[in-house]
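Read through the structure below, which is laid out as structure tokens, and then see the notes.
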Amino acid sequence: MISIRDVVTKENIKRKNTIDGVTQAIFMASAILSASFIVLIIVFIAFKGLSPFLLNYEGYNFQQGTVDLDPVNPISFLTGSQWLGGTLGLSSDYGIGFAIINTLIVVFLAIMLSVPVSVFTALFIAKVAPKRLANVMRTVVELLASIPSIIYGVFGLGIITQFVVFVAGFFDYQTAAGLSLLSTVIVLSIMILPTITAVSETSIRSVDKTIIDGSLALGASDIQTYMKVVLTAAKSGIFAGIILGVGRALGEATAVALVSGNLFAGIQLNPLGTTATLTSRMLLGIKDTTGIDYDIRFSIGLVLMAVIVITNLSLNFVMKRLGGIHEQ
Amino acid sequence: MDAIFELKNINLYYGQTQAIKGIDMTIERNKVTAFIGPSGCGKSTFIRILNRMNDLIPECKIDGNIEFEGQNAYAKDYDVIELRTKVGMVFQKPNPFPMSIYDNIAYGPRCQGVKNKAQLDEIVEQSLRRSALWDEVKDRMKESAMGLSGGQQQRLCIARTIAMEPEVILMDEPTSALDPIATQKIEDLIVELKELYTIVIVTHNMQQAARISDNTAFFMLGELIEFGATDKLFATPQNPKTEEYITGRFG
Amino acid sequence: MNNKALRQRQDNFVRGVIYTLGSIGALVLATIIWYVVSNGIGLVSLDLIMGDSRTFNTDVYVETAPGNYPLEGYTGELELFYSERWGLGFVDTFNRAGNEAVEIGYVHPDSPFNQSLDKNGFDEFGNHLVIEVRPGFTIEKGFTDTAIFLGRNGAEQIATIVNQANVIDEISIQSRGDGIRGSLITTLYLIGMTLLIAIPIGVSTAIYFNEIAKRNRFTNTIRTMVDLLTGVPSIIYGLLGAALFIPLLNNTIQTAGGSVISGALTLAVILLPTIIKSTEEALKVISNDLRQGSLALGASKTQTIFKVVVPSAVPGILTGVLLGVGRIIGESAALIYATGAAIKDEIILTERSTSLAVHIWTVMQGEKPNFELASAIAIIILGVVFVMNFVIKLLAKRLSKAMY
Amino acid sequence: ETADDSFAGSIRVYTRDTSSGTRAGFMEGIGFDEAVANDAVIAAGFVIAGNLDQTNAVQIDPYAVGYVSLSTLDTNLFRGFSFNGVEPTEANVLNGTYALSRRFNWMLRDDYSVYGADAQAYEQLSLAFVAYLGSREGKASIAQSGGIVDLSTGESWNTLRSQHPICAQDNSRLTLKIGGSDSVESIAKDISPGFSTNCGNVEPEHNHTGSSNGFRGTNGDASAIDDGLSIHIGFASREFKDTEPARRKGVMAIDAIVVIGHLDNPIESLTKEQVKSIYDGTVTDWSELIG
Amino acid sequence: MDAIFELKNINLYYGQTQAIKGIDMTIERNKVTAFIGPSGCGKSTFIRILNRMNDLIPECKIDGNIEFEGQNAYAKDYDVIELRTKVGMVFQKPNPFPMSIYDNIAYGPRCQGVKNKAQLDEIVEQSLRRSALWDEVKDRMKESAMGLSGGQQQRLCIARTIAMEPEVILMDEPTSALDPIATQKIEDLIVELKELYTIVIVTHNMQQAARISDNTAFFMLGELIEFGATDKLFATPQNPKTEEYITGRFG
């Protein structure tokens, strides 16, 4: 008869320990590798994105030939209210301040519009809708999360802009064929709807059933339970969804370029006026450009990264403020 | 004898399987009634009939006659929310809401539309006092209830229930997750509470049943084997199965 | 009782809000699906999915003189424009991309074009190969002794020109093009390869964070760094792919420019945060009891992770994979830089090619954006995601059943 | 006529972005050279839009004005204005009366030696390709896909082929890389299969990433090759600049640009000066252009 | 007296707070030693010292001298995996792995490199027999262990531990999650097992300690108040605190 005690030899255990050490090292290496990409990205964008502020580029224009360009002034770049003063290739007077503000406005409004709809849709799917309908809607949400954004853009162009023109009609306002801040906001909020809905739905669904029972047993109605207990308990998941949504909204370019009107200068506060975001500005004309006009897009990337980091941190802060203490 | 619940010929099915088999029972006002019996015999199922928590299980079907304070609690026009405000429930695992201690207690009253801050403050303090938790938490009302210890959480759940001033408090194994000291506190509390409330408690612990209850019901395989005054049931059980269970083993 | 009425009114109001916003959500989702489907469904066919993207062109001519081939035997239902002298019938139709085209609709059984010659193809004796002109070929252009005709002239005009011709120098006919098979295959390759790269790294990272790492500054730092990846816009990933992976692959395995592999590497980086996050969530809910149970039996950490922890986390990991698949399929900005936008029929992993999303982007570029075709491809994307969704959910169900 | 007289509303100007060859052709064509590469000089409230949003806009917005390539003009959906009184038709472009047009240009590498053993083959294939572009067959293909060429000239490829012996060989193992302007993409993609059958089944590969890359990919610095931009034949939808020198370059086709507006717009024809005044903002209301 | 564990002046800290305060203890071979005491007194902490499960808690620091079979179990070169194969542990909540019954038992041996099917079969059968589970599960070895009842799961966990042929089995409240019938079976099993193994058990249930253990240790606030033969400790407790605890309340 076998005795396990014979198997547990010193050598066996030593071998096990070695394997253990190696595997753990591999796991750690993976983690460091995963983390290193953000460094690579930042270094890479910084490398290209800082050079417009440091170097004298050579510009060219078919009328004036080659000219030397001054480095871009970082202050006026960050505060500038128009994209480019002067002629492409002959000027380094780039400005992005207006687009930073416009981006924040667009993303903020898109989130304001999208979050209630997404969260209530998620609640609807997870708790209210009959099972069949819920399953169908869940699948549709997952499908929509994978549609390329240009399709959303064309949808915006075909449907949303018409709607905006219709709305503007009431105010007797002449829009740019519906290309506007409002269209951009609507298209973006539709785009991030699946993301926020999917993530929120998962966390709403996984709210511990015992606290739901607890609420009902106290004589709360189902609606009160959803609003006061379920949503509170699912808060962290909903915030995770919002953060993903903000990321997607900030990073979106193709759809925005189609419906925003690509405003060239100025902060847009009129919902019916055209606007522009950092990413769409970054992508506009990037395919066929060189020199400073190409590298300056990496400077936008740098600004964009900063906006993302700051937004993320402040969202996290708000999240902690709003209810971190109730997490276990 | 003042009956608060009158149950007649109750049958309950989970899909195909019958979990409660033709049970009659009368629950007395301002008494502690204990449910005992081996695991899976239907204690939890039966106690949940009393505040219609089984309504939430889709495949669960029930028939029979259930009267609460003389009214058919399962009648079409009977308001289940009203029933649950009058028949409170404390669960086996403490289940505080992920909110502050204060908000946990104020939750029920707020759901009923109480908004006045002073009123709420008073309700919260009283409930916590009655559940013997006030002194331990009075300085941390705004902190999360999740930070309390298990026994404190369970007393919080009781306080939450008391805040609704129910007629009946149902408790499904309220101390099984707790240590002896916390258990002791909850038991003391139950004895105190029975002055004001009718209490129904499910327990695995025979001694607990013996110590705190006035009446005991012994279930087995969905049937009510024996039901009567606790001292009589433990001293001279009528049914051999009851005797076997309460003397057989364990303490 | 007054309170009760008030509460019910409040409840009904909130219920109304939930239903309204929920239906708005549902309506928006349904509208998008409807919009895509109604625009694209007309073009979706097996032919589009399986077909070649590039056309095969043949220039044919005949040596015989025109004759007389009356249209008597024709029984088809096409609206033919027929040249009796050459026995050729033309029809106006739409190609796979939904654009107008002229096709051969009918060839008379005795028409000389049943034995036409390939201008550029030769047999071993140096003679022109014989080509049978069949219905279904698209007309690109043609030259007769009197005129030039183009496909875009329309069937009627072509038929007239052909009928007047005494000599036909050349007709360029094409097989149908614009199929998306290559892009579909590329997409599937990308899904496979990306997951193959991202899953091991992502899962290992999650395991490191959740099972191994001590809670210290170092761990916090790298965790924050991974979190930041979530917010990076895809275009920046694309630029990273172009600046890092393409040169890396060019110098190691001698690719030339973007390739499916560089695309997969880039996508893998994009996917990492998603996979790490969802795996971590899955690992978090695994009860510590299991880990302790295993360790208390003298299992090493590695054994515990591989035998107990990871198997229990599989359904959660699969959810992450599902989200990842959606991301891979929908991504275009990054891939344009990392894989290029060359539409191919035969896919070689070390060369450029196009995923379905980039294909959509491509057909939407240029002077004549083709939204119908874009929508048709989007429908196919939805189909692929749907199938993946189904398979992964089934797999998750199977696996979690096996666990219990 | 009274209805026409009452057409009034502030003009909304649409333009492509500065990287667009169509824009360069258009701005030069209307004598507004400053605006080729400078957005700041364009009329207030202008919108930067691609083809899709422009054609969409002129269908929705009665006061819009934009411009597209003639091949995109769909007179059922929107109006294409005559330019200086000349209707935008291919015939008018070819006979030179329609003045608003630009050329599609090609360029070859000066140096094929980077392709090692295949250098000569690639050089000859490239030369054959541009010869094919000018042949009767090539022109017919270009015309078929919307480029404007004079079909009455051009030698038959049968005659030209003899000057390109490479086309008599089997070239199926070679990949001819074509790139540059994306405006040219659809035309180039339509021609290359025909060229392939006529030149030993060489495999064409297209990677169109913009006019500037037409030069960068052929004769730009070495980094372009590392970036994967390297091509054998590059196209530009504008004139090659002085900074883009090459020994061998030429014209493939002409593209006409049409000023477009809403179908309700009663104006049929605009002069070069009128279009410029619209785009530079000196005219801001349609009523100023009527009568 | 044959000591298997010799502990001297053990102090244990969770971060700043001291959970174990200068405890000495000798655990005898092939005896059942019970740990009792109020909640939070350090019973679990102390039992986990014996197989170094506290190593897993990052902020946990320990000093003192712990000898297992005459060797310093906390020495640098002492292999913790070897220790844990010799000192098995059964937890409060049954924690079978989500695998088949067979795989659960075979898990430990497989982790040690046993691959031979016949050998594994033998180990599995023997362990299940010894833990009195064989008859109940022999026909469903390939089924998931999650389908077993709570009591069966706990016996499975014991079988899993036995399969490693440890010298010592540690049990931290092994029956607190079980109903009376299942508890009885486990208690019977412990009495049987002590022939072969040294058993250390934490329990809240005084009577359980009295029934099954040879020696009992009474803890309070991290200190060992009293330690000695079970019958003596229960009959004539030396320390007034012990007396208060064992008579005071609960069973």
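When the chains are written out, they are named A, B, C, D and E in that same order, and each has its own residue count from 1.
Throughout what follows, a contact is a pair of C-beta atoms (placed from the backbone, for glycine too) under 8 Å apart; a residue touches a chain by one contact, two chains touch by 3 or more.
All figures in this text were calculated on a predicted structure; none of them were measured in a lab.
Listing every chain that touches chain B and chain E alike gives A, C. Most remote from chain A, judged by the distance between CA-atom centroids, is E. Two chain pairs are in question, A-E and A-B; the one with more C-beta pairs in contact is A-B. Taking the mean of all protein Cα atoms as the centre, the chain whose own Cα mean lies nearest is A. The distance from the centre of chain A to the centre of chain C, each centre being the mean of the chain's C-alpha atoms, comes to 24 Å. Computed centre separation for the pair chain B/chain C is 59 angstrom, with centres defined by C-alpha atoms. Centre-to-centre separation of chain D and chain E, using mean CA positions: 83 Å.
The geometric centre of chain C is 28 Å away from that of chain D, both derived from CA atoms.
Of all residues in chain E, those touching 2 or more other chains are 81-82, 85, 108, 112, 164, listed in ascending order. Residue positions of chain D touching 2 or more other chains, listed in rising order: 50, 52, 182, 209. Counting only residues that touch two or more partner chains, chain A has 8, 16-17, 154, 158, 221, 224. Of all possible chain pairs, the ones that touch are A-B, A-C, A-D, A-E, B-C, B-E, C-D, C-E.
The touching residues of chain A, counted against chain C in their complex, run 8, 16-17, 19-20, 23-24, 26-28, 30-41, 44-45, 116-118, 120-121, 123-125, 128-129, 137, 139-152, 154-155, 158-159, 190, 193-194, 197-198, 202, 221, 223-224, 226-227, 240, 243-244, 246-247, 250-254, 279, 282-283, 298, 301, 304-305, 308-309, 311-312.
In the complex of the two chains, the chain E residues touching chain A come out as 79, 81-82, 85-86, 108-109, 112-114, 119, 122-123, 163-165.
Against chain E, the residues of chain B that register as touching in their complex are 38-39, 179-184, 204, 206-207, 248-251. Across the complex, chain C meets chain D through its residues 54-59, 119-120, 140-141, 143, 148, 150-152, 169-170, 172, 174, 177, 242, 246-247, 250, 256-258, 340-343, 352, 364-369, 371.
By the touch rule above, chain B contacts chain A in their complex via residues 51, 53, 56, 81-82, 84-86, 88-89, 91, 93, 95-100, 107-108, 110-112, 143-147, 157, 160-161, 164.
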